[in-house]
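The first chain written gets the first letter, and so on, giving A, B, C and D; residue counts start at 1 in each chain.
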Amino acid sequence: MDKSINLSVNIAGVPFKNPVIAASGTFGFGEEYNELYDVGCLGGICSKGLTLHPKDGNEGIRVWETASGMMNSVGLQNPGVEYFIANDIPLMRRFGNVLIANMGGHSLEDYVTGASMLSAADIDMLELNISCPNVKSGGMAFGIKADVAHDVVKEVRAVCKKPLIVKLSPNAENILEMAKACEDAGADALSLVNTFQAMAIDIRKRKPVFNNVYAGLSGAAIKPIALRMVHSVCKQVHVPVIGIGGIYTAEDVLEFMMAGASAVQIGTVNFNDPLAGKNVLEDLSALCRREGIVDINEIKGIC
Amino acid sequence: MDKSINLSVNIAGVPFKNPVIAASGTFGFGEEYNELYDVGCLGGICSKGLTLHPKDGNEGIRVWETASGMMNSVGLQNPGVEYFIANDIPLMRRFGNVLIANMGGHSLEDYVTGASMLSAADIDMLELNISCPNVKSGGMAFGIKADVAHDVVKEVRAVCKKPLIVKLSPNAENILEMAKACEDAGADALSLVNTFQAMAIDIRKRKPVFNNVYAGLSGAAIKPIALRMVHSVCKQVHVPVIGIGGIYTAEDVLEFMMAGASAVQIGTVNFNDPLAGKNVLEDLSALCRREGIVDINEIKGIC
Amino acid sequence: MRYFDSKVLDNQQVAEDIFVLRVERNGAEAKAGQFYMLKSWDKELTLMRPISVFKAEKDELWFMYRLVGKGTQILSLLEKGASIKLLGPCGNGYPCEKLSGKVAVVGGGLGVPPLCETSKQLTHAGVTVDAYLGFRDVLFGVEDFEPWCDSIFVSTEKGEEGYKGFVTDLLKPEGYDCVITCGPEIMMRKVAAMCAEADVPCYCSLEHRMACGIGACLGCSIRTQNGMKRVCKDGPVFLSTDLLWNS
Amino acid sequence: MRYFDSKVLDNQQVAEDIFVLRVERNGAEAKAGQFYMLKSWDKELTLMRPISVFKAEKDELWFMYRLVGKGTQILSLLEKGASIKLLGPCGNGYPCEKLSGKVAVVGGGLGVPPLCETSKQLTHAGVTVDAYLGFRDVLFGVEDFEPWCDSIFVSTEKGEEGYKGFVTDLLKPEGYDCVITCGPEIMMRKVAAMCAEADVPCYCSLEHRMACGIGACLGCSIRTQNGMKRVCKDGPVFLSTDLLWNS
């Protein structure tokens, strides 16, 4: 990596050594990919999506490949906040980068309790997932209507002592109103997008592929839509924005940052290239050099 | 083609010899593709998007390839309703299949005037595009809010003597409310989806690719989202639905029909395979045979 | 666990739809029953494809696969010298080193190939192996079991070769210290039930759609007697008594 | 206009990033200045790629292309015998048959190859041709002009070969009955301006992003003196006086 190029960014007061963060749910707690490369080289890691209580997740097929993307219906399988704090945080801490706990929930109470527990633990930031489209009971609603989101963010904000990122769903009725509502309610940063609600049918079985019928679409396929959403949100809010959605390459990172993102998360690409985190970072500094970018923050929002 | 399999469908009283229709804006008025194969073999053809008055469309780059898809910002370039009626309808009539005039607009008045002119002409159906995301002045708004859509559909319905298809935008705030509003307002059928609002950035130029900044995403990339929207709309409305969005293969046609669509439109795939219309049809009858489908209407909505 | 570039040494069609791919091993490990995530594309397909180790030769890894969809289609077109990426070895594999006495390996369809390396490793561990191999119509890979097995029983559904019917009709678990099975779930369930009855331990190798292949995405989790388990990491091999067969 | 399968006869790298692809012609037509939409992929890329006819030989079509992105990368890897799909001939082409006397063809970069077939067809139409060919640093295709041209003038930006500077510095439109140009817009605008001054008719060949390539999608429309025109169907060749150079 080229040391003469500054890749470090700052989000809501938290310094990142570079803008490439592993996206929640695609990177476990970092352990597995750390067998392949030092995941501490990433700017940060978002934990898999936590809920207050442990969850088994969904039955049936959970992942399905689509054209330039994939669908998932993992359904927030996770060990619960308490187990995470006791067991996973210490392991994640060894990586030496920014530790972001990602949390979803089914009820306002769970969100608030979970957030206050997590924010008291040794994490750097909390990312509130108000968007997971997989959990039937609730889940969805928080991420669709701006006023509902406002309420949950406000309550969580009140108990959260760590910088709070709110992760938006592209299924929101109005992504701009949603972003503004979350900002108003006290979000220190926004991240977007989560997966798009989508469907696949197994024509031989004449049945939906997923038990839950719908599942979340991610990957390169969604990048152009995600980029549009990030761009329009960045023009409307004052808090920093983390771009997510089909980011596979260093070029994609620059696109999202030119659209206004302060950093990005990479998800699905980890499955396509298990060294994606490392590779994107290496390419990013080479690309910056080629494009004459000395400090990556220079190009932020120039589009 | 296998004559023992019934592919014919009926939409709002109009018989189609098969459920594969060329999508608006991707097929001109049929002339060009007719040089490559007899486009009369298709169930029907949607004309390129018309407006009351002729339009030059957008400046700058108009098409851009993306992962498993493309973006376009044609901006409804068209010769206007009057020219279309005088010159293109007679040519399209030679094909002998269902002639659907697709019409967009910038104002309620234009919609109403255009629709009454078209519905008096020799077309089989009118497809009202309330969704084109490319035209800055208006266009978008009609397709976003259900109440606005309701008004325009109602007024058009009042003057339209032909079966009226309303084409929905996936950018609608709530696709179900939108569908129901259009049904309530008198749509005889719905077609969905139009393109997704999306963005691309040329990182070398550090500028958006499109002069209008945002453009419409289509192609295989969007199929899983389109399928979900079609499925959920089909569960909510009683009028027939035409599925659109990334349909490339006979398998895709069956997926959309199993999700509840009465027919489909193919757009972007025509660029990937100029014989797509013919090929999808041939494959469809082979696929039906393989899957033991004697009448394609059997599998409609079984998911 | 490594992610590395390898070269195709050979890629032969051995039966209708069935191919054997040989790649440079590059020192990679391979316990019987483990698998690799493969890809020979860049981003045209999103995911890598899980394929079991058919044979682990000194400098080569062999995979036997059926052409079923886009990924295996691309694999099937690979020519000698082509590049291919491997992620692995993935999964736990069969505990060959812990077994002794007489073991039956029971394979069906594409569950057959992984049992070849398994038979070899069992033999090396001093175990006597009988193979029960079931096919739909055409046999593949059977001769590869010969060096490692005492007896080989073969069946086809319509009796084109060997016994006519299911391979489970031939199996008598009572005679074995352990049964190892890989194949369609319906077959493995039957084998597991027979072993339960006979009180013989039975290891099953599961399949599940996978995204990461290394335990990070929870795309392949299944419910077991001991809670949720990842087929790619905690499996693919499970004791039959741990399974719930929840599909 | 046909859409047909063809076979690659040869695909050679002729300079850094520059390749010449030869495919079976299968009786397809090819007027000078026309192009084909090519693809040698299935659905991995959405769109076909427009490439001009470099040479139309009896049984072969030749294309000269620069490796710039994903599509041309895939093309560059094609080997003899590979399948490729062609849609064309697309566009209007140069009106070679209507010209007479002395014509200058002025090409820059990848605008050079289409002028080779053009020079040939002009020669066959009894026209005398001079070629003005501008390159950045490395020459390609120049020798292919020799059979068809009276004089060939070559330039490179830093003078590595031929004249140092732009090829437009060498051109004097006054001496010609018509000028035909293909290359970067900035060059063609200059040529057009010089021709306008000298009152010599000038044909320009435009490039634009294309989806269908046959006039159906309006993805390549440009504003001209005569209204909106499709580069793929109404062009790519336009009289310079019809153009607005609106980019």
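In the analysis below, a contact is a pair of C-beta atoms (placed from the backbone, for glycine too) under 8 Å apart; a residue touches a chain by one contact, two chains touch by 3 or more.
From a predicted model like this one, the values you see are computed outputs, not experimental measurements.
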{"item": "Greatest separation from chain A - chain, by CA centre", "value": "D"}
{"item": "Separation of chain A from chain B, taking each centre as the mean of its C-alpha atoms, in whole Å", "value": "34"}
{"item": "Distance between chain centroids, defined by C-alpha means - chain A, chain C (Å)", "value": "35"}
{"item": "Whole-Å separation of chain centres (CA-atom averages), chain C against chain D", "value": "55"}
{"item": "Set of chain B residues in contact with two or more other chains", "value": "66-69, 219-220"}
{"item": "Where chain C touches two or more other chains at once, by residue number", "value": "43"}
{"item": "Arrangement of touching chains [line / ring / star / complete / other]", "value": "line"}
{"item": "Pairs of chains, among all present, that meet the touch criterion", "value": "A-B, A-C, B-D"}
{"item": "Residue numbers on chain A that touch chain C, as the complex places them", "value": "25-28, 31-33, 35-36, 48, 56-57, 59-66, 68-70, 72, 74, 77, 219-220, 248, 268, 270-272, 274-275"}
{"item": "Of chain A, residues touching chain B in the complex", "value": "66-69, 71, 173-174, 196-201, 203-204, 206-208, 213-214, 217, 219-225, 227-228, 231, 246, 251, 254-255, 258-259, 291, 299, 302-303"}
{"item": "Of all residues in chain C, those that touch chain A in their complex", "value": "1-3, 39, 43, 45-48, 87, 209-212, 214-221, 223, 227-228, 233, 246-247"}
